[in-house]
Amino acid sequence: MPIVNIQITREGTAPGRDAPTDEEKAALIKGVSEVLLNVLNKPLDSTFVVIEEVPLENWGWGGLPVPELRRRLAAKK
Amino acid sequence: MPIVNIQITREGTAPGRDAPTDEEKAALIKGVSEVLLNVLNKPLDSTFVVIEEVPLENWGWGGLPVPELRRRLAAKK
Amino acid sequence: MPIVNIQITREGTAPGRDAPTDEEKAALIKGVSEVLLNVLNKPLDSTFVVIEEVPLENWGWGGLPVPELRRRLAAKK
Amino acid sequence: MPIVNIQITREGTAPGRDAPTDEEKAALIKGVSEVLLNVLNKPLDSTFVVIEEVPLENWGWGGLPVPELRRRLAAKK
Amino acid sequence: MPIVNIQITREGTAPGRDAPTDEEKAALIKGVSEVLLNVLNKPLDSTFVVIEEVPLENWGWGGLPVPELRRRLAAKK
Amino acid sequence: MPIVNIQITREGTAPGRDAPTDEEKAALIKGVSEVLLNVLNKPLDSTFVVIEEVPLENWGWGGLPVPELRRRLAAKK
């Protein structure tokens, strides 16, 4: 009866999108549940998956919010 | 000083509602805090409760997002 | 299909114990699951409860680890 | 590679604001990441910080949702 | 930069084991990280996975700790 | 009333240690609580900090458990 909590930034994977699509979320849920089934024999019915979408400015890496981090990385190029 | 984190799907308990009501949230907070008091003698003042409402399509069970899972269960009946 | 995560300090509720007993954990699980049933009509079968026991020195309140906090509170009396 | 999850109530620190500002979030991320660097020598690049803003009515303390708790504390004065 | 938190019961998948093996943990980490790569194009280098092993008596389902739940399910057969 | 959850690998910061020391944990708790005070005016008394120490083999980065990741990084040098 595993619980998988996935935290991701809320952003799209293609131009014009600002969040993961329902199809992408479904693929995450399916993929992760199957990993638990394949590795630990956990039945699909016993696995809960929760996806949390985190606004970019609420996510920090390298001591910076992600939007600022990306600006700096882009400026370096 | 317990911390209780409650993750639930964001949906109503009656027609015309699409989320738990403030009264229901208050009842969850009260009920859970009292369990900690009664079982472990934790004073109400030392218990934090956080309720996270998760969109249905972000919650997976049985390898499927909840909306799809329910469609399949309904179709079986 | 709620998920309830309960974080508590690892300590006993009576002399000679250094952790919650299995009976206390069972009472927490039962109590919290029933709150979800009573307030939001969530079937017991769809609720997961996870209890995390946190060592006292890993828990901070008031800017201090709990053992130090308690020493100071005791000294004030 | 620490992960720091910060849960706070969604509210402003000054009149006219109803949420932490982006500057405040950036300061939280910077401050917390530096604590990990200073105390445990964790490079900034290896620390993730996630800020979760929780609606006031979803946060409980003392067995009450925060808005009700504050009403009662204000009435006592 | 996803964070995946996997909570599982601490138990073995074969006789004589009382916990997941290091190989199983490595397979979980690899599998879940690849799902994030395949579905959302998240580079492996940006994904953190944390596995939490929860003692059976700290996990509740159906209002019961897992050991008791299994005793009842076994008695029904 | 912030809740700060810090997940770190269980390992020492100096030879002969295999975990953070109590002094380091106290410094983490103090430092993080002060960040919340300084940035958001949260009183120290209202902040909870929980430190979770995660075994190295339960932490994944780059699709690998940390011990294996480090072996590969060391081999590259």
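In order of appearance the chains are A, B, C, D, E and F, and numbering begins at 1 in each one.
Everything below uses one rule, namely that contacts are C-beta pairs under 8 Å (C-beta built on N, C-alpha and C of every residue); 3 or more make two chains touch, one makes a residue touch a chain.
Predicted model only: the values in this text are computed from it and were never measured.
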Out of curiosity, which chains are bumping into both chain A and chain E?
C, D
Are the interface residues of chain E and chain F largely the same numbers on each copy, more than half shared, or largely different?
different
Chain B-chain F separation of Cα centroids, rounded to whole Å
29
Can you give the whole-Å distance between the Cα centres of chain C and chain E?
22
Centre to centre, by mean C-alpha position, how many angstrom separate chain B and chain C?
18
Going by residue number, chain A touches two or more other chains at 1, 3, 7, 28, 32, 48, 50, 52, 59, 61
Contacts from chain F onto chain B in the complex sit at residues 1, 3, 48, 50
Tell me, which parts of chain F touch chain C in their complex?
22, 25-26, 28-30, 32-34, 44-45, 47-53
Within the complex, chain C is touched by chain E residues 7, 52, 54, 57-65, 68
Under the touch definition given earlier, write down the residues of chain D that touch chain F in their complex.
1-9, 13, 20, 24, 27-28, 31-32, 35-36, 38-42, 59, 61, 66
